[in-house]
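Each of the two complexes below includes chain A, the first together with chain B, the second together with chain C.
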Partner chain A sequence: MTNESALRPSGANVTVAPAASQPLLRVENLSVRFDGAPPGINVVDDVSFTLAKGKTLCIVGESGCGKSVTALALMGLLPTPPARIVQGAAYVGDQNLFSLSERERADFRGNRTAMIFQEPMTSLNPAFTIGDQIAEGILRHKNVSKAQAWERALEMLRRVRIPAPEKRLRAYPHELSGGMRQRVMIAMALANEPQILIADEPTTALDVTIQAQILSLVRRLQEESGMSMILITHDLGVVAEVADEVAVMYAGRIVESGSVDAIFEDPQHPYTIGLMGSVPSLGRRQGRLATIRGSVPPAELMPKGCRFSPRCPFAESRCASEPPPLTEITPAHSARCWYAPLEQHRGAAA
Partner chain B sequence: MSIKSEIILEGIDLVKHFGGGGVLSSPTVVRAVDGVSLQVKRGETFAIVGESGCGKSTLGRLLLRLIEATKGDVLYEGQSIRALGSREMRRLRRDLQIIFQDPFASLNPRMNVGDIIGEPIALHGLARGGARRERVSELLQTVGIAPTHADRYPHEFSGGQRQRIGIARALAGEPKLIIGDEPVSALDVSIQAQIINLLEDLKERFGLTLVIVAHDLAVIRHMSDRVAVMYLGEIVELSETDALFDNPLHPYTQALLTAIPVPSPINRKAKPLLQGDVPSPTAPPPGCRFHTRCPHAKALCREEHPKLESAPDGRKVACHFWREIQNAGAGALAAPAPSEALAKRLALYRTWRDRQDKTGASSQ
Partner chain C sequence: MLRYIARRLLIAIPTILLVSVLVFALQKLLPGDPVLTMAGEERDPEVLAFLREKYRLDDPLIVQYFAWFGQVLQGNLGISLRTDIPVLKLILTKLPVTIELAIFAMIVALAIGIPAGIISAVKKGTSIDYVANVTALSGLSIPNFWLGILLIMLVSVRWQLLPASGFVPPAEDLWMNIKTMLMPAIVLGTGLAASLMRHTRSAMLGVLRSDYIRTARAKGLLAPAVILKHALRNALMPIITLSTLLFGELLAGAVLTEQIFTIPGFGKLVVDAVFNRDYAVVQGVVLCTAVGFIFMNLLADILYVLVNPRLRHAR
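Moving on, here comes the complex of A and B:
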């Protein structure tokens, strides 16, 4: 046994060492539009990112920034109408998810990609037992008997560390606590060993001690299975704890992306900086919070240029009319701002 | 002028049980608040923190007598408010106000904003007609909403603006004390910061006392002077804010602080985690209610209920073994200072942000 494999938990199913250079998922220029939105205003606008094997990408942003719509588009779960993918591709290997038939999509979903949601109570069916619901996903994708599927369901409950799993298999969702329900959701999502897990605010509805349990569980399961994860959240603390890569979204666009260290230690987009200034410090009080002025404008008032410009302290007239390009700060870190890097352009009091 | 005491509001051995009697109520008793005493000092921001179901919101409502206590008393300015009749209670409501969590549910959708804010002014007979309209405009301006919006309805506003309207309504009767029940937890981070700053400004401007009921420990550390930590209907620790965060005494506080995700990727490491779930408040464990999840629990903890006892620096803690484990909490919360680049960038942002406020027309 080599040193490296000795570090892995037993029962690990590691096939390939994570290679950062080889993205597992490549999203290119994804745009999603809602019917009836003003012309040119997409709810997700020209979003591109990659997800490496075994890594975690966090998409962070506030309500309405398009982070959940991006996730639903990738899963093929967009409600159409009103939402439509108007542009873009998402490659897993050389297969474009958006050009698959509905049937092929369904084979993909829950098998090679899986998703967990914020509110485990509404994502579980109250009329079926936990065992039924986990087994259903296994029976849909794997050629196994019902007994084998239940056996696998039991194994999954053990892996997500649910106490008394045999008993829970026959329990209904309402008999479990919020944290236990989210563990069940994770068990369902991982039952078919997906390559990609998309988690949409998985701990937002949970208390902080339960959130810590779930985040630690997800991290451990990810180490065991080598899967990649897209975690969608509004919580910068969660991002700092789990992310390898971060994409900051504002009003449908990625405004900044980079490694977790680059984003937290050297943020460049005024929105990212304003967001960090808005979060109260956990250390001793540092005076008043820095704030971001106003709120996100409604779609019909969205500027043609930089969508953050109406709120941005650094904005000039061209910001509202011309969309800024994604400027590379370092090879793996870029910001969509005319003034990036910020100090060079806005350092001296102009 | 009479000399006012330092204590503005005091809860004495408050108990609130739900259910357990009557034809229409459930036979199981939920012990939401179970013997809580606390004193709120004039002019301070006092925080009540805990996880869902710990009884913090119920306690907030008991302190305002929005619900009747099963046992215990509440003193406002040294006078019991539980004995007051409805007319006297209504007079008192001018002094004691509340801001709710959900700005979408707490405003009447059929009333325009002018009427929502004007209603308490009329009810308390503070102003009428033109004077009332003027007062409404003034209040809207105070919370950062254009007075011309007084004829609009709640659905025309964003979440942050609705919370501002709720605050304006709470201010209408010129209160002395405001309880905020999770006042910012339904809001996006950037809006949350605006409301926190607004509450702090108003507190200073009007000499208010604030009681903040919340689960977000970062918000509490930023806003409050003293904190009471609740677990299953009881206060387990009460302390000045910095002392509590620097050196938590109760094992539950220690676990709570350890669990907070810190917004910095430096020193990321696996943390010791609290296992299991909070037991149901219908059947709290015997002895210390935290013993089922406590990493330090001993036989005594299962048998004997710990009292809230005094610790140095005016702190209080309910744990049999707090002296033995008081160093266990050291470093529970490791919040590294911001990197040099981030600190520099935040300072740059603040400079331009201040300039934006001075030059921009709208300061929302």
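Moving on, here comes the complex of A and C:
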């Protein structure tokens, strides 16, 4: 078996405050800009959230809303250029990730924080065996022998429930199905027991039956290890199942955030309400599936005020010109809307 | 793997046959009568008839082809019309020289082209990339003979560091051999390095954008491992293709470079043979070159399988 002490996180010398009240990750005012975008239009704009130890935060939103860019910024994997972090901080304990050197960030990646991606089919290197690709991440961060790293890789394949793991260790990615490859990606991400796992739409590219398996696998592994997770998804069904906290993103901004119960039982932002309305449900349903009219405006047409205002059924003139602040509705629930709390309109769009 | 190689070899047979027909046909289409060239000033019809008879030049083409190819299969490429030396012997004396030059030139090309391509891909859009690209463009545009003459002027005449020309067999004096090969290898190699650099750069740029490179970085791997292990391995396919083709071309002889440095290689042999209408030699050399090319392609196919595990199972 692997040497337990050798497998503890090492590398970056960052102190994490163990206080229960303090969140594990605190993101403050993160803005990311793409070169060439119109002035003032950030792909991620003033995003703040916290992630508590052992909890799951779901970031929800449609394609292009900036949720993946947020995740890549946290991992230090933004393609720069064109993407740049123009402001903000991300604290793990007292350490601001964005102020670390590239080398220190690399010591963090795959070690303290890990990430799995949407596309299992292309996320593994076709030229190397599964075992090699898992073991190299272990060898990078832990002071273990090659044999110990491979032993650990085998153990990880067992933990993600890959059949015949000894054989799979020597297999190449093309010999595995999409679901199996995503399990390998999970094994790879968790091999160094990260404190934070960022999962960017990990089930979107998979068959529906496989989606459920992968999701329950991730949840089980999270329970076993006590790690925190940021799950990025556009699937509200997934959110309802795994989230503790939810942040709804629209056009680069968080428009509503709160506990999963608050968001589902009392959605306050018209966009969130619209999202709920556009989820198909089983059983009889009256009329057409509700949709949110229009589409996200291109960057150069983005309104100065609320970015959702061109599509919002409740929008008035002020909405397009003045950006609404994030308004606290309850201590665990806030929404970025001039009309929050939106009691009088509640349910109207759903 | 062995089965794969055997099958590739079998596929090579019809290609070689086709090449032989083409070589034979092209040869016959060349203007000029070899008999007249051979006879020189003498135009005695009897001598001409004797020569035609001796070299079976009056037989129908198909008979000539089979007679020739039958001999080729037995290792007899004929006798040089000009020098009366067996073509095979001529080739065997020139080929090692050309192979040696080709290997040296290829080492120069790979040693410059691949690292330069990698660096300019990784530093895309920076001044380093720009300098590398301009240098590569110059490398592609500067003619070999000019670079060769320039090198001779500087290195041999002014600095007197290396011999300007000539060839010393390695068996005679290895050090001298390397010294004579160095400049021609640099002249040939730098030209090839330029196209290798361009191909390496574009292959690397494509690979560096892929998802698995992001995964490698997400593991915390540092740049050297990401670039040299994960990216380069996948960018190698087009580089292998190009390298083997370039090497095949080098084996066909570097006419100008050999001329400038008076290296007795294939290039000089084939030029002399063409000018002298020395049919047998031209045929032999072209056939030899074509077979060389076919084997380089085979080598490329084998290397693909070694580099890309997906191909191992496709067989």
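Everything that follows uses one rule, which is that the second predicted complex is superposed on the first by the 323 of 350 C-alpha atoms of A that agree within 3 Å, B and C clash if a C-alpha of one lies under 4 Å from a C-alpha of the other, contacts with A are read in each partner's own complex, and residues count from 1 in each chain.
Definition applied: contacts are C-beta pairs under 8 Å (C-beta built on N, C-alpha and C of every residue); 3 or more make two chains touch, one makes a residue touch a chain.
Here the structure is a predicted model, which means the values were calculated and not measured.
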Identify whether chain B and chain C fit side by side or clash on chain A in the overlaid structures. fit
Compare chain B and chain C by how many residues of chain A each one touches, and report the one with more. B
In the overlay, answer first, second, both or neither for which of chain B and chain C A:320 touches. neither
State whether A:243 touches chain B only (first), chain C only (second), both chains, or neither. first
After superposition on the shared chain, which partner residues are touched by A:235: those of chain B (first), chain C (second), both, or neither? first
Contacts of A:290 with chain B and chain C, given as first, second, both or neither: first
One more residue to check, A:270. First (chain B), second (chain C), both or neither? first
Looking at the overlay, does A:110 come into contact with chain B only (first), chain C only (second), both, or neither? second
Looking at A:208, would you say it contacts chain B, chain C, both, or neither? Reply first, second, both or neither. first
According to the stated criteria, A:177 is in contact with first (chain B), second (chain C), both, or neither; which is it? first
How far apart, in whole Å, are the nearest Cα atoms of chain B and chain C in the superposition? 11
Output the chain A positions appearing in both contact lists, the one against chain B and the one against chain C. none
Show which residues of chain C lie in contact with chain A when the two form their complex. 125, 210-212, 214-222, 225, 229-230, 233-234, 307-310, 313
Residue ranges of chain A in contact with chain B within the complex: 62-63, 177, 179-180, 207-213, 215-216, 234-241, 243, 260-261, 264-268, 270, 273-285, 288-295, 313-314, 342-343, 346-347, 349
Enumerate the contact residues on chain B facing chain A in the complex. 51-52, 158, 160-161, 188-194, 196-197, 200, 215, 217-219, 221-223, 242, 245, 255-256, 258-266, 268, 270-271, 273-275, 277-278, 333, 335, 337, 339, 341-342, 344-346, 348-353, 355-357, 360, 362-364
Residues of chain A touching chain C in the complex: 11, 75, 77, 81, 103, 106-111, 114-115, 117, 119, 122-128, 136-137, 140-141, 172, 174-175, 185, 188-189
